[in-house]
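You will see two complexes here that share chain A, one where it goes with chain B and one where it goes with chain C.
Moving on, here comes the complex of A and B:
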């Protein structure tokens, strides 16, 4: 493929704005309605299942949004150039955070269906849970979640605001400022994200603990975050907004990241599983038994093959990562198995047999519609390429 | 043409260097008679090495009792040193493999010395399990092979055996990687040789390298493949070392975060050692224009990042020890922070988490004295991290009647000193006989041979 080499930032053609057709808008809106309906009906027939679905999707889509925030901050800190032309995609992913905050408030309503430690009568009869109640109590839980959202929201808003401001005035100082914001933010992010994972997922089984859990969730976050970024980048490239500035070398790099985190996730998942299996301690092994034995064996195996083995081989070759269609297919695949990973962490609490029905599909579709609508609304509003970023020229000319 | 620099980019090398200068400057120290300073340092290192060999003989004669180990503390400074040196050996492969895959071109000035350090550090680390065997002459029993001892096999379920595989694989790949990278430079040294013996030796080592396009093509492909192969090894070796502890049932050892935590710690200590060594090397061999502040600053950034990862692991472990509600787990951590080894624990926290925070300041991370001192502090801190993990979990186990304290004897300390003598002997020999900077790779980052803006001149 022939690439234009630009010698000056002014030569780069102004990209057309990103638009999504009205029809698609209505389809996604329809999905949201389906999701609300499914959740409301499920709430009446089987509230436990409805709330577990809600938690699953809340966590899943929040991670995708946070992946954008993390990626933007990381690119500023490392001074990356290759990712500049496509940076608006992860910036737009941040736009879902306010929506997620509203969903968090809804999630709080279902706390008794999800978290054993919110039942005072049970905590009082459990010596271990009494000890933990200094941490696992609802007001502190809510405060931690609010604090995390406050930090993510403020920093996300600030970074994007500076980036958009630069589109107008081209001030190099804004890039430097964003770098200064991003570095300490990444530290705070590491802590707040870990706390959130411990709170939302690990405390579902309040007796169980695993120090690697935050890293496990982070591996999934970055892995699936690359997948969703690839999908939006390709959509914008097809539609024309990124056609002149993003080429297969950018896709190749996104694909490499996805490949790297495929292996990293496997490494972390193996470390957690193997150490718990090997030590076989009663306070830890229950978690793995519930998730790998009986009817859950196929799910665990599907995760092993679907999230690691198959994408590993699919993404291994250079051509695979540079082929737009192929990469999109793998990205969709990865997103499916990220969902399965969350399902595998959350649903064994509902019963010894995995369940899958209209509730899972419907509620997932609702969140999908909400997420895509929010992100595309943001993308339509902002210029699709940071045209005055000092690193744009190098990024557009990225030929490996 | 002036190198085009984007925001925050700085030229990697000092000003006005030509391709010929690279060969001249890098090979100069190898081609002259060693300086007095080199002899003095080499003499000290070799003497310590010799003393260490004496200690090995003493221990072989007297038995394991000469160590400070006792009943609950079966692992002490020996394993501390093993883990410490394995950790040091991580920066080299990270620099040469992972940074290569991340297109970090600044790695070119430092990768050679870092890889050499890796190889010698792994060799040093390998000494300790061998010494610890007790009956050292049966060292080959570590390897699984069909035998006539009633067909006695190694225990494949033991992480100690996985260590044998992991460390030897890592050593082999690192050595091959290092050697492949050396070939073009060895050919340069051969071509510059003034006497026949030198030309013969370097000629054999250079494997007939002629620098043809075909040679380069094969070389680049081999290098990329080896980089890909080494990348998982950077993670695997220290993960498996961490399994030695984490597969056990001991509070403070058995925790799931150990693999990534050990890897981060290894990279952290490895980079600290690279900074320590290169600050000296660039000064002594006058390579300030090749190993510039840009390289050092980048390494200091990695030290800052990995230091915080290690801090995250300390915090996460401590919190989870409380959160678990397990009284043994919680006791072990209280004992670490407030028990008889509290001094070691707080040395570790101060050196590894607090000291590197100074690198947030650009001024401090570009100051040679500051980075030299911090790199030493980090090295000490990481040694104490391993000491803390090993000793505090062992010396007070589940039954208070078993409790004891571990006090290293002169043999333990002697072996620690010995490891430094062993390492530095090899490293000093490397500085004498091989190019300390990858000349061919540094040249690829130079903007020479392109048009100079004023006239039509070319710089070669």
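Moving on, here comes the complex of A and C:
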């Protein structure tokens, strides 16, 4: 397919604003209501299960939002040109962070249903937890979460603000400023995200520890983040907002990223699994026994094949990554298995058998509606393409 | 002594003139032409009608061979012919075999890729004469072999000249 080659930034046609139909707005709003209903009913019948579902979805959608923040910062640091035309999508994903913060406050209400270490009487009878209580106590836990949100929110807001300011004045200095913000932020992000994963998920089993756990979660974050970015980019391309500026070469690159992190996730997941399996230490092995033995074996195997083997072969060929419909299907597949990964990390604590019912579906749909509504509201408000970004011209002319 | 004409090479100063000549090749449906340029030129392979390389298929085939070969060897050695108790683990301990399986995949895939590249590029080759010493520096060359269907010496010369070749050589 031949693409139009632009020699001047002014030749690029001004893209139409992104809009989502009223009907879809109502559908997503309906999903939010379904989610709230499901959560409230589940709270009454089985509060433990309701809160574990809440934690699962809180973490899942927060990771998708953070993937936008990480991606934007990464693109500035590497000076990438190709991603400039579609940068508004990851920027809009950041818009979910304030919503996630409110959800964090709600999550705090369920702390006694989730975290053993918040029960003072149990901690007092457990010598290990007493020693860990300097770190694992609720006020420090809340402070760490607040601090991470403060950093993510401020940097995210700052990066997007500069990017939107550039839409008006086209100042090259703003690109350079964003690069300077992004570089130290990537380091801070690595630390804050690891701390958050340790706090939210690893402390569910406070006796267990794995130093690679943060990277494991990060691999899933980037993997699923590329999937959600592909979905939004294709939706905006279909709707017209990105039709002139994004072509199959951009999709190819997003697909390559997704493929790379499919392998990276498998590499990290196996590194974590093999060390624990080989050493077979009593304080570590319990985590893997609960997750790979008995009724959880099929879930663990589904993860191995669904999150690594099958998408690996699906994304292996060049044509697969350049085919819009195929890539969208794989992206949805990846998002489903990212959910299963979070489920596999959290739900073995509820029982020896995996449970799946209306609670899981309903609460997931609620978060889905909330996430899509938030992100599309942001996307509709901001110009869909950074038209005065000095890197846009190269990005639009992206070829092999 | 009259040699048989093997082909004609046109030498150009820049990629735009080369692309112009390559488009003439495209309209004549020549299939064995090749271009020699100091750096890659986007879209040139498409115009010259070059098909995608077969190297990735070789990599896949040998990678899979390395994967299953490496895994099979370990299973055969540690669980079938000479069962050995290591750390109280079962004889058939797939997780312990994965790192070596991975290494075998990468090793066989990598070596096969390098070998396939040399094979498909017909390298090493000490017998072909250099078309022009400038093509590793600042010249762009287009070679059209005489075996093409509908090859006409005067026609090729004239379209090369029209496209802007500063030198046209007969290869004999």
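One rule holds in what follows: the second predicted complex is superposed on the first by the 400 of 400 C-alpha atoms of A that agree within 3 Å, B and C clash if a C-alpha of one lies under 4 Å from a C-alpha of the other, contacts with A are read in each partner's own complex, and residues count from 1 in each chain.
Here, contacts are C-beta pairs under 8 Å (C-beta built on N, C-alpha and C of every residue); 3 or more make two chains touch, one makes a residue touch a chain.
It should be emphasised that the depicted structure is a prediction, and the values quoted were computed from it without experimental measurement.
Once chain A of one complex is fitted onto chain A of the other, the partner contacts of A:158 are absent, as it touches neither chain B nor chain C.
Contacts of A:278 after superposition on the shared chain: both chain B and chain C are touched. In the superposition on chain A, A:210 contacts chain B only, with no contact to chain C.
A simple residue count on chain A separates chain B from chain C, and the partner touching more is B. Using the contact criterion defined above for the overlaid structures, shared-chain residue A:132 touches chain B, although it does not reach chain C. Residues 274, 278 of chain A lie at the contact with chain B in one complex and at the contact with chain C in the other.
Of all residues in chain A, those touching chain C in their complex are 270, 273-274, 277-278, 280, 316, 399-400. Within the complex formed with chain B, the chain A residues making contact are 79, 81, 127-129, 131-132, 135, 172, 175-176, 179, 183, 187, 190-191, 194, 198, 207, 209-215, 256, 263, 267-268, 271-272, 274-276, 278-279, 281, 283, 390-391, 393-394.
Residue ranges of chain C in contact with chain A, taken from their complex: 42-43, 60, 87, 95-96, 98-99.
Contacts from chain B toward chain A in the complex involve residues 6-9, 101, 232, 235, 239, 243, 246-249, 254-260, 308, 312-313, 315-317, 320, 323-326, 360.
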